[in-house]
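Just below sit the structures, each encoded as structure tokens.
After this come two complexes, each holding chain A, first together with chain B and then together with chain C.
Let's turn to the complex of A and B:
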């Protein structure tokens, strides 16, 4: 796309790309460096003569130790992990079933239901969190992991369904018909013939759902109140700040460690994640 | 049709092997069974709360008090509430400005990434990090970078000679909104870039070559070949992101909490403050329901657009 002199390549390609990468990643570098910087350096005003922002000569694990030993951080990690895994699993089962039904079966109102599920995908959590907090309390789910395990699927199922629908539609009908002629029931044909082919789609949907539930904030903030029930984003926000005092070292250490599970899952399945992301948008 | 007849013919045989199996040979029953869990969860936690939210907004319920029917009093009250009006204005402004920047920068980045270069897969993977790392956690990194006393941004701009004194990023009412927007754009650009890149990759390079042979300059090729073909994906990505941005909560909650002096409230953060902070559930429900007409409009546009593209 860019032809001609070498300088043009630099001006129109390498420099802008490097700028993007730098700006997009700098906050993470800042997170890491803050997490290992001793307090004495951390709270040195920016206009102090010995302010050295980009490096530290005395890295410390003190903030991480504080986080793991003096706070409930490991409990929050465990909570978040359980909630994210279970709600992802529920959403995958529901999404696969619903996606299959909408892509393959003839029944009344199929089109309307498909549209309905798509519309719920676009309902933001902030529209419903107030009545939902009431409902969660009435169902006696308040302050338990179930409050989130059961509500997260509301924003995970719709895109799982849409993603799976796309996958199922792409699988030729003949495959299934062959199995049915050989005497397999509809359900068995779906389970043993279609599902194995759709594994990449299921993986994409699952990874995307996992990162979304790990990221969720407002439901967790409103539905949970005891410190030992909280998820990582809420725990870090509410327990590492006392009034106006921010404990920046532990906060950044928490942000760093709290990001690791998602980052790991993501790094192993980048391609699946990207497929899930673009698939979820295209619907 | 032939499928249903074979199913019907086989029904007695299946019933012999087990009632359950025979039950699901019928397409409608199987569809119902497969959709039931989804319908149950969406009904209980989307449809029911929506109805309940509407009812709630028409009462004067507080936390722990069911309240009485008050009609549209809550809506009348927020209509005359100066902070609510600021929040409405902020939300529209926030959505408009960030969407323009996210689209422009995202498109630029997508075009850059659409070339072949060494380490491309690596760069693409890293670039998505702002989008996948939990928003609240990365926003804290920004809050720390914006800290008036310890800000690395102030230090950098000062050393570069761009500023003479300190900038109070989140403490100044005008700057605070801009700061929140910067973080939103930072988080959103990768999403736009990767989605648009997926769109760009479906455009055949031969079209570009043909245009180039016909003498089209790079900019003309982009404008007359790439852009029209990219438009459907762009539309969906933009509408999608508009909904998310319009209903945003986390960024403002973490960065400013709606302050200074309520200057950065959005619908969602103000609803949270009123409903959870002060316990006026019904008024909070009314504030978040006030988002509904706009969201509804965007969803309708999106549905119509998707339908048009699909039938084309």
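Let's turn to the complex of A and C:
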């Protein structure tokens, strides 16, 4: 906390904090207000006498009804959920094992391999989707959920591996040595001692991976084409923007509903998540 | 219960030769302490016994078995680590039971053994706590408990007391000693603290730069150090050393330099005699110096200037300058000494040490 006079607290703490909170929350507010605003208000010109962009007197659920009944939104939600969960699971399993190996097993070139994995994470998706689309086509995976379930790990595994490697390195190696003297094999020591201690790290990696795949846009746009296969980010933007016509109400309703699962995941695990980013283990 | 035998043990980490040709017989039920400065190879040796480091060459036997290629779990040992290495997500009970569960003991036997160990160590009331809810001393006890429930053939200790504060360390040292007497399990104990080594060890191994300097009972090492390093490492305050020249005088031998001129007592004369006309390192422990009286012969005492007086209550330490050397003398608490004063100090002729300056071995 900032010590001293009251005005210092306001100038250096409360006012910047308020500005920050406002900046972060305003898009959400805009999303909500647009989702419940009737069309007549949405398309009212800015110089009309009753123009009130930040408020509505006649909230409506019409856009949400339209989204759920007239579009494939619920299918998109289901698609996104399955794809995000499965790719997160694959990436977590691989990332935990790879991270453990890189942190603990002294094999030749472990350091170089670790760096190599990190470098693949830095290759932008906007470049990688070109060769990947070739691969997806060759395996005849185009327009199926597998196209995404198998390509998302290309960026999720490096990320999970790197995060888990850091976490495992912070766990004192004596714990494991002690377990091995106590009669556990290397695998059992990992299973019973290291993994339970690493739960906060695993949760953080999982939340991140889930969020990344939930929000992913470019692979989903390129690899999926039929409307019933799409994910929320692609479905909403491709089906609710027709030509140059933006259906703002349903669009924002889709964005709102689409962000709910991620918000839920974060709020459930926020404590573990913070522990995973900041802490390790105290002896 | 078992003996541990180490034959020509070597360990190389890439370029570093950490342990060099160590040979050692640790007897059944013995409490063996490895002591030395950091980086001397004592912990590496212990870790090789535990199976946590591979052996570059040589053999380790526990009981009758060569264990070189056995994984740690099959060596029937238990180890206590410096940072305790308690499993933070398990209760004290589960920490202690883990090794037994891994070895598929039945529940009742596990319960019996954990309670037995908890009673010995006085941690019965904490069995359901997590390690983070315990104090340092309690954690230390849990770590010990985890080792003793297994009834292993050998206990390995890696500086187990160095994370405790000074008072608790003394207390736990006594408890460790009692515990060893009660259980009688062979123990290998690594420490850099020479007081722990002297007080705990049935025998002590002094190591430096991966080489064993001397093995023996604590007092044997203290009274008859094999070389300059052992002499200087054991004892606090450390032994005084002074470079002297050996000369023949009046049918006897004499050592002398700027500040000293002492007769060599006859029992030592034979060995020192070979150095007549050459230099030797003379060593004398602070407690083997005392303030001289008129009765003390001139050739067994010397004159010194007092630089610092440290009154500890039980004794008084005098920092002295003797010729070009500095020395420490531990004298009686109320010794009449004042800073910059001149004093005569008498040496105990039976406890003079001589070392070859080139090889550093005892003469």
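One rule holds for everything that comes next: the second predicted complex is superposed on the first by the 256 of 283 C-alpha atoms of A that agree within 3 Å, B and C clash if a C-alpha of one lies under 4 Å from a C-alpha of the other, contacts with A are read in each partner's own complex, and residues count from 1 in each chain.
Just so we're on the same page, contacts are C-beta pairs under 8 Å (C-beta built on N, C-alpha and C of every residue); 3 or more make two chains touch, one makes a residue touch a chain.
Note that this is a predicted model, so its numbers are computed, not measured.
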I want to verify the contact counts: of chain B and chain C, which reaches more residues of chain A? B
Under the stated touch criterion, which partner chain does A:204 make contact with: chain B (first), chain C (second), both, or neither? neither
Applying the document's definition of touch, where does A:185 land relative to chain B and chain C: first, second, both, or neither? both
Could you give the residue numbers on chain A that contact chain B in one complex and chain C in the other? 177, 180, 185, 281-283
Spell out the part of chain A that touches chain C in their complex, as residue ranges. 172, 174-175, 177-185, 188, 192-193, 196-197, 281-283
Mind pulling up the chain C residues that touch chain A in the complex? 50-52, 71-73, 75, 77-79, 81-89, 98-99, 102-103, 131-132, 139, 146, 150
Under the stated contact criterion, what part of chain A meets chain B in this complex? 1-2, 13, 16-17, 20-21, 23-25, 27-28, 30-31, 34, 42-47, 51, 53, 90, 93-95, 97-98, 100-102, 105-108, 110, 113, 115, 117-120, 122-135, 150-151, 153-154, 157-158, 161, 177, 180, 185-187, 211, 214-215, 217-218, 221-222, 232-234, 236-237, 246, 248, 251-252, 254-255, 258-259, 262-263, 266-267, 270, 273-274, 277-278, 281-283
Chain B residues touching chain A in their complex are 3, 6-7, 14, 21, 24-25, 27-28, 30-32, 34-35, 37-38, 41-42, 44-46, 48-50, 52-53, 56, 105, 108-109, 111-115, 117, 121, 123-130, 132-138, 140-145, 147, 149-152, 154-156, 158, 166, 186, 189-191, 194-195, 198, 208, 218, 233, 236-237, 240, 243-244, 246-250, 253-254, 267-268, 271-272, 275-276, 281, 284-285, 288-289, 291-292, 295, 298-299, 302-303, 306
